[in-house]
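Chain naming follows the written order as A, B and C, and within any one chain the residues start at number 1.
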Amino acid sequence: MKAPRNQAGHHHLERTQAERVERDQAERDQAVPARAFRGRTVRAGGGLSVRVDIRAFTVVALLLVAALTASVVLIGTGDFPIPATDVLKTLLGNGDAGQEFIVNELRLPRVLVGLLVGASLGLGGALFQAISRNPLGSPDVLGLGQGSTAGALVMIVLFSGSATQVALGALIGGLATGFAIYVLAWKQGVHGYRLVLVGIGVAAILTAVNGYLITKADLVDAARAVVWMTGSLNGRDWAQVWPLLILCAVLVPLVLGNARGLRMLEMGDDVAYALGVRVERTRLLLLVAAVLLTAAATAAAGPVGFVALTAPQLARRLTRSPGPNLVPAMCMGATLLVVADWASQRAFGADQLPVGVVTGVLGGVYLLWLLATERKAGRI
Amino acid sequence: MLVDSPPEPSAETAPAPPTRRAIRAAGLFVSVAVLVLVALASIAIGAKELSLEQVWHGLFEDSGTYGDVVVSERLSRTVLGLLVGAALGLSGAVLQALTRNPLADPGLLGINAGASAAVVTAITFFGVTSLSGYVWFAFAGAAVVGALVYFLGGSRGSTPVRLALAGTAISAALYGYLQAVMIMDEAALGKMRFWTVGSLSSATDSTIGQVLPFLAIGTVLALVLARPLNAMAMGDDTARALGAHLGRTRALSMAAATLLCGAATAACGPIMFVGLMIPHLVRSFTGPDMRWILPYATVLSPVLLLGADVIGRLVARPAELQVGIVTAILGGPVFIFLVRRRRTAQL
Amino acid sequence: MRADGKMSGKSSGTTSGKSSGTTRTGADGGPHMNDQGSTVNRLSAESVTLAYDQRVIAEQLSVEIPDNSFTVIVGPNACGKSTLLRALSRMLKPNQGRVLLDGQVIQSMPAKKVARTLGLLPQSSIAPDGITVGDLVGRGRYPHQGLLRQWSTEDERVVRESMTSTGVAELADRYVDELSGGQRQRVWIAMALAQQTPLLLLDEPTTYLDIQHQIDVLDLCAELHEEQGRTLVAVLHDLNHAARYATHLIALRDGSVIAEGRPSDIVTAELVEEVFGLRCQVIDDPETGTPLVVPAGRKARTTAAPAAGVTKG
């Protein structure tokens, strides 16, 4: 069916169409460059196809290798050093009794907590940054860390609680804060900037509350509180490993299953709607997952500074791929935390300096370097 | 003091309708009156209540009675509150205009972190113990970080996001350092935990004397910048077309903000939220004209700060709640309310 | 102005009968048959009330989008034309009334199913940092994909075709942030095309483009409509563009339809004055014969204004 046009119009139309057909043909001949689509596609029978981004895949593999290597080295580090080969032997069940106790009961759980906390923070941070569409939209900035801290400080300062009670307090504080931020930012949907702004407001209130609690504490409790607030892996055991592991086992597949919807959300709510993403539902689901991951990680190790902020940014630079880069961010978080733990033990002796100090300094310096180089490149 | 503010309408900007100007001018007078009341309350209220008569006596006929001593102590605290409040409000207004970002505040730009890191260094490594000793360190730290953020944030092509990122990055590194020192040195923790929440309680005349010159220079600079900042508000290109010197205005604004906020932080520790909130509130009443925003911010910020200080003294008698805590707990909800009220908040 | 005999002459405001359902070459089958076996239009709004927060934009508004048409919605600023488009594309839920797609209330349909039937090019879209043109266009295949069907040969073919027909094939490996405004708009259109929907809604696709790229984009739309038989709905600012390219024109003012129908039937000086409050002449477009709106000169408008009682607002 054609629009009504007069004779001149038809001529005009035919002319332009002829030109366009020629142009189209020329374009078709010039094949679409191979680089146009990232990655390789693996296709199987029955219409199954999975896309793999080779660079991202390599980055993830290398990060995993780095994380595992660092873990083995970390297990061998301490007052009683164990060579890497013995560590591996012990992990595989062939070590002597003394080493077995040190490795399996003391150091392995600590390293596992480090890996899981790092992965959770990396993934949670990537989710928050993607949902708020803001590289600053990390749980530290949005007040979740402060919420967990408030919960923990109440336990430490007001009740002189045990480690388990402190962890529980942190968990409840984090979840309550996440809920409060979502409710306060909700106004016919959660707009990215509003989420960040409300989060900043909540963070400021909670920071003040935390400051108050610390001034109320006696010096011993205050010192304990500051160590907790920095984030530390000291003395973590299997009791922290299992809950985190179970949570990750449930949430990580759930999050990755919704990752494609999140990629569409990157292009704005309207585009995502038009492509058939149920925007609010996807966003709520992923936010809940991110809050749970962050709160659980914080409960286990304290609000380890800036992993959630920097891991996704680092991962993104390494894969050079658009999108939230969830899996690379997760692996980067785990690697970062284990390496930082190793660095703090090497540099200051065992258990002197909590890991959060090192991640804070590393993260800050990295971001500065990033800004300096991007300033040269003229991009933000 | 209000160098660049109307009433006289200037030649190049269209005068506001007389009624609106009258309302704004009247509002400013009312604000000043409220400020005077709050200042009097700040002198009268505390662990020991004083009657207005006693306050009057202490202020003007000092004869060494107990009441007079209390008054003179509270007087320096009140004066410091006035100065610091005005400085925080002004620096917030200038920074928000400079970055065109309603979120810009000294905390976000790393100035607090710089001052805190410098103070902890002073305590731990230089053995400084007196408050008057901290001041210089805090001030230097704030100034260095302010300059660093400005240059890393892209001195010429700075965008709000770049500045915020640079501020966050520097804060991250400095807070890591701060925490490391506090964990390793318990004495530092003992002092820092009170300093970092921000308080007016340690005010003395000598503190005031130390920060006053910086505050004065910063205030004059900020008020003179009202007109160029107005031009900047419309975007770099428009500002240039209007004949504003972008580079000069940026550098001077950053200098003014650092002077004001650095001196304020040095005197009473990082006080959050006054600099963020008051310019927000003021703007919703005056509109975007910096020539009104700046004087209003100068008057209303100390109202909030002194009011919070009085509340802090009232709720926890005979002890007191530090003013930094009260401002954040009062200011946070107001800020969230403002964010929610806007149709779409832009960054 | 000649009314071409073989064209289906639709008069304003009626639910037009279908001339033929067989010219369709687009993806999703023929026109929807209702229970009575007669054909109705696939997309319509039935007495909808549209509002943001408490601000009502339109009340009791009913609109039919004729199948296989290139429908253009025009009207002055803030008349509710983008709002109507948002409602038609289920971005905005009507406070009252309903939007029907293939006889079903659009909000009640599965999101991906709607996305395979109806595409939208919104005004605000964000190109993710560092994404290539090929990848961005590829994201348009989302509603056709699943967790285990991420990139079929069909996906790849459609994406290549979409890029070719919008003339961005040679840009496929460039980064989207490097492109000019016109190229970028064509990339977004390519993405919407890759969605392979028989219905495509475009919200001001020519905004921010220079005249050459405006015409490029509109030519492309006309081509999609004529060659691929897709139903297009666009909001346009330029009345002359609308009159030239539309097969069906809907003129809105203050949230109600003032006139609808073929441009050559409805675009008159009186209508333009009623809808836009602008005195003008309407002449034949020397190129296409469609109506061409020529605003009256400043003198004519200012002197004649009081006497003519120009409608304001």
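FYI, a residue touches a chain if its C-beta (ideal position, glycine included) is under 8 Å from a C-beta of that chain, and two chains touch if they have at least 3 such contacts.
These figures come from a predicted structure and were not determined experimentally.
Taken as a contact graph, the chains are arranged in an open line, each linked only to its neighbours along the path.
The most central chain, judged by the distance from its Cα centroid to the centroid of all protein Cα atoms shown, is A.
Chain B and chain C have Cα centroids lying 52 Å from one another. Each chain gets one centre point, the mean of its Cα atoms, and the points for chain A and chain C are 40 Å apart. The geometric centre of chain A is 35 Å away from that of chain B, both derived from CA atoms. For chain B, the set of residues touching two or more other chains is empty.
Those residues of chain A lying in contact with chain C across their complex are 1-6, 8-9, 12, 16-17, 20, 23-24, 27-28, 30, 32-38, 41, 43, 47-51, 133, 188, 257, 260, 263-264, 266-268, 270-271, 273-278, 320-323. Residues of chain A touching chain B in their complex: 134-136, 141, 184-185, 187, 191, 193-194, 196-198, 200-202, 204-205, 207-209, 211-212, 214-215, 219, 222-223, 226-227, 229-230, 305-306, 309, 352-354, 356-361, 363-365, 367-368, 370-372, 375, 378, 380.
Listed in rising order, the residues of chain B touching chain A in the complex are 103, 152-154, 157, 159, 161-162, 164-166, 168-177, 179-180, 182-184, 186, 189-190, 193-194, 196-197, 272-273, 321-322, 324-329, 331-333, 335-336, 339-340, 344-347. Interface residues of chain C facing chain A in the complex, by the touch rule stated above, are 1-4, 7-8, 19-20, 23, 53, 68-70, 89-91, 111-116, 119-136, 138-140, 142-143, 145, 147-153, 156, 159-160, 163-165, 167, 169-170, 172-173, 191-192, 195, 219, 222-223, 226, 229, 245-247, 262, 264, 286-290.
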